[in-house]
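Read through the structures below before going on.
Each of the two complexes below includes chain A, the first together with chain B, the second together with chain C.
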Partner chain A sequence: MRENIISIKGLKVGVASTSGYVYAVRNINLDVRKGEILGLVGESGCGKSMTAKSILRLHDEKRTEYQGKIIYENGKDILNMKEKELEQIRGSHIAMIFQDPMTTLNPLMKIGKQMMEMFRYHTSLSQEEAKAKCLKLLESVGVTPAEDRFENYPFQLSGGQLQRVSIAMELALDPELLIADEPTTALDVTMQAQILDLLRKLQKESGASILIITHNFGVVAEICDRVAVMYAGQIVETGESMDIFYHPRHPYTIDLIGSIPKAGLNGQKLTTIPGAPPQLNRPITGCPYAARCRYADEMCFTKAPDLQTLENGHTYLCSKADLTGEEAV
Partner chain B sequence: MGASKKKSYGRFFTVPVVISLSILIFLLLCIIFAPFITKTDPNALDLLNVLKGPSKEHLLGTDKTGRDIFTRILYGGRTSLLSALGVVMISVVIGIPTGLISGYYGGKVDMILMRICDVVVSFPALLLAFIFVAAFGRGLGNAVLALGIVYVPMLAKLTRSLMLVEKNKTYVEAAYSIGYSDRKIIFHEIFPNCLPTILVELTLDLGYAILDLASMSFLGLGVQPPTSDWGYMLEENRAFLTTSPLMAISPGIVIIVFVVCLNVFVDGVEMYSDPSRRRMPSMKKLKKRMELIEHA
Partner chain C sequence: MKKYVLKRILQFLITMLIVSVLIFVMVRLSRTDPLAAIVGGKQTTPEILAQLKTKFGLDKPVVAQYFSWIGGFLHGDLGMSFKYQAPVSGLLTARLPVTLGLVFFASIIAMVVAIPLGVVAARHKDSPFDVISSVICLVLAGTPPFLMSLIFILFLARFFPSYPFTGSFETVPQYLLRMLAPSIALSFTMIALSFRMMRSNMIEQMQAQYTMTGKAKGLPPKVISWRHNFRNAIIPVLSVASIQFGSLIVGSVLVETVFSLSGLGTLLIDSIKASDYAVEQDIMMLLVALFLIISLVVDLLYALIDPRIRLK
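Entry: the complex of A and B
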């Protein structure tokens, strides 16, 4: 097995509310291995972004409570690091791409200047070396002519181009892990495919790991090596992406894959998952998915499910060990 | 085509900017080179020629002690502008960092800094000036210091509210994720985005400072006679508005011209500082350029 770049152990993230902490992330165990593209999938509000931002500790520390550990490659716990140490890691070792490219760049600074700043801040490259590197990066992400774009302000570029620029910026310092928080959500479908191709290409070249957060199984099928499915702040299933796609085990994953529109289903209604995720401000007894699950029985409502592991590393959180989702696919 | 020159985006020198800037420069040059423009001593008394109207020797007439108004306006610009600038500088140096830090960190820091500001705000400006004068003696310097401190809370609170808006934007989070330190994020990423609004506030402050200093001088706290000063001239000559109006009106007009031009100029700077609002060449010019490209 490949080494882990980040290993999340028992992570709980609580957000302050008037009635106490709301645990949006509850007891997550997740490893990101070297050189893989890991997809973190789930519906809105299931805690995907909370988990991802915790890796860089981007939450407002006055309103957030962390429990558990996030072990970085060097064996240190990110949640216990000093601010100075963290600044060394942010950007140079772990970088992050955000959802809306229109707002991630400083609106008053030329694109070139923003990229140069990164080099000036983190490395000792000379002005010319840094500029040459920036131009090369812009070219490699397909923002051309690089010389012209270098002198542009963010508002002069389209969303797709901006997302490319921010990818270029995040890759500038050769990070070992790139966290992409719904990188294609704000873009149209053709742009999505291009950005995903770009990510895949750059990942092959640099050998970095990518943690991609998405609510779109299509994205997973396209580029991910492994997938982790999240529901109500927990990871309910992990495994190789093709394995999960064709042999889902957890009922939520089964339903999620079942509700993807497929070609050749003329005149049929789209399958949906009834109900809503549970409230996160009180403890959940039993399986959080039980209320919406079509396989659930009484035991599911009272007893928390155990983690099942198959021999190929496929794990899932369900008391029903014999479920196979073949019929959903 | 001559594209080798690095072209900046948009135009800074729009018509209003050019006009206001040239008037400002003209005024400043007049003030700086006052001794070459007029040979008269601004403080020379001439009790035989009191309250005279405009004449060849006295372009704008004389005041109640026979001093030349024109000369006094030229020299008064030095005191007025320098002291008003001093007031604004003091408020900038203290107020902006206070506002930025208070808005960025929030919590206890914010609480303490803002309560201090509230105390200063609730203290009458003149009373503060009196205290300063009592403690450090009379003089323009102390009046400037006192007024500067009075201006701090306004600027700090404005900066703080701008910071509160900016700090939740994604580019700040992105800057965080790149690994920038707090100091870099506050002063290099967020501050430039607050600057346009702050600049406008500062130019308004400069106008207010001239007049506030004048009222302090009127009470004997600021400019000490016989030094001339625009605001003070306005105050002391007001009594003669019916008999020789030029005495009070002329420094008034100079103040108006200066403040208006400064505002127009800063509006131009503000517009330029946001690249998406910069003035582009006129449609006519652009059309011509397009035609040139098509023909080539």
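Entry: the complex of A and C
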């Protein structure tokens, strides 16, 4: 097995509310291996974005409580690092791009200047060397003419171009891991495909790992090597993305894949999953998906599900070991 | 940018024109007879009155009076004071440094104090510093300038008895020292409001997405605050400060009375009482122009800070 760049062990993340901490991420175990593209999939509010931001500890620390460990490749726990140490990892070893490219950059600062900051605060390169690198980066992501774009302000570029700029900026220091939080959600469909292609191309060239957060199984099918499916703050299924796509085991994954709109079904209603995820401010007994699960029986409502592991490393969190999702595809 | 500047300058000129008409009309709506001020209670004959009317141009039609005033004003001829029987320009030059000084020093003090404090308070939100400074500012914002001036005088008299509260000034250091206390007293309201605004804008900017990008890039929090958030947060503070500048002008009238300085404010009130047309009109025009010029400068500053205004 390949080495891990990040190993999340028993992560719980709580956000302060008027009635104590609400745990939106509950006991997550997840490894990001070197050189892979890992997809973290789930519906809105399942905690996937929160998990991703926890890796860089981006949450407001005054209002957030972390439990568990996030082991970086050097063996250190990110959750225990000093702020200074963390600043050195952020951007240069683990970088992150966000959902809405229109708001990701500072509106009052030139694009070039914002890119240069990567070099300014992490390397000892001279201004000229850094600028030359930035221009090269802009060209490599197809934001041209690079010289002009370097001097532009964010409002002068389109959303797709800005997302490319973000990618170029975040890859400036050859990070070992790029976290992409819904990188295509705010873009139109043609632009989505282009951005995914770009990410895959750059990943091949650099050999970096990518953790891509998405609610879209299409994105997973397109670029991910492995996928982890999240539900109600837990990871319910992990495995090779094609394996999960064609042989989902967890009922939630089965339903999720079943609800992907298919071409050629004009006039038919879209398949949806009835019900809503459980309230996270109350304790959950049994399986969090039980109330929406069509396979659930009495035991599912009382006993927390066990983690099942198949030979190919495919794992899923369900008490029913014999389910196969063939019929969903 | 050129278009933006031209547009703003044009707006300024049009506003000045409208304001000049308003001032002219308002001054003339007063019930007091300007001739009474000219004569000053002495016995007169209708012939002398007619003579005086001609001398001060009061026999001409109102429209002609307006044009002769505004025409002179634009050429730097501010006309004659009825009451003092002297050119207005002479009256103003002695008093202008007082009012201008008060208003400018007060706003500079306010900005220099309020803006960095606002940033620090926002960066340490809910800390003792933040809570204490917020409470102090709330008190300052609610205290009228004249009351603040009185308290300030009592305070100074107790702890710095050698401070020059009265008397005239000849040299620049004397002038600056004499202006210091009233300027500080005048600046309190502006400090309070600018501080509150800077603080809340900074807090808002610190929650913006680009701030998280900066954090994810590994920038130190200080760099994110001062290099990124600061510029975004200060724009609205500047525009509100330029409006507050107007209330500083009003406040200066009271402060100069309390500190027994002879500035434009006291002269304006005297001239209104006496219906001293030229003096009233000129002072009001100057104050309005001052206010509008500051707004214009702030608008241009705005464009310098925000590329979205400059380049669109």
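We take it that the second predicted complex is superposed on the first by the 326 of 329 C-alpha atoms of A that agree within 3 Å, B and C clash if a C-alpha of one lies under 4 Å from a C-alpha of the other, contacts with A are read in each partner's own complex, and residues count from 1 in each chain.
The working rule: contacts are C-beta pairs under 8 Å (C-beta built on N, C-alpha and C of every residue); 3 or more make two chains touch, one makes a residue touch a chain.
Bear in mind that the values here come from a model prediction, so they are computed numbers and not experimental data.
Overlay on chain A: chain B and chain C clash in the combined arrangement.
By the document's definition of touching, neither partner reaches A:309: not chain B, not chain C. With both structures placed on the common chain, the touch criterion links A:121 to chain B and to chain C. Looking at the shared chain after the overlay, A:17 reaches neither chain B nor chain C. With both structures placed on the common chain, the touch criterion links A:151 to chain B but leaves chain C unconnected. In the superposed pair of complexes, A:107 makes contact with chain B and with chain C alike.
Shared-chain residue A:285: touches no atom of chain B or chain C. Once both structures are laid onto chain A, the chain C stretch out of 22-30, 58-66, 148-156 or 274-282 that overlaps chain B is 148-156. When both complexes are aligned on chain A by C-alpha atoms, chain A residues 56, 58, 86-92, 95-96, 98, 100, 103-109, 117-118, 121-122, 153, 155-156, 166, 169-170 touch chain B in the first and chain C in the second. By the touch rule above, chain B contacts chain A in their complex via residues 6-7, 9, 106-107, 169-171, 173-181, 184, 188-189, 192-193, 273-276. Touching chain C in their complex are the following residues of chain A: 56, 58, 86-92, 95-96, 98, 100, 103-109, 117-118, 121-122, 153, 155-156, 166, 169-170.
Of all residues in chain A, only 56, 58, 62, 86-92, 95-96, 98, 100, 103-109, 117-118, 121-122, 151-153, 155-156, 166, 169-170 touch chain B in the complex they form. Residue ranges on chain C touching chain A, taken from their complex, read 208-210, 212-220, 223, 228, 231-232, 305-308, 311.
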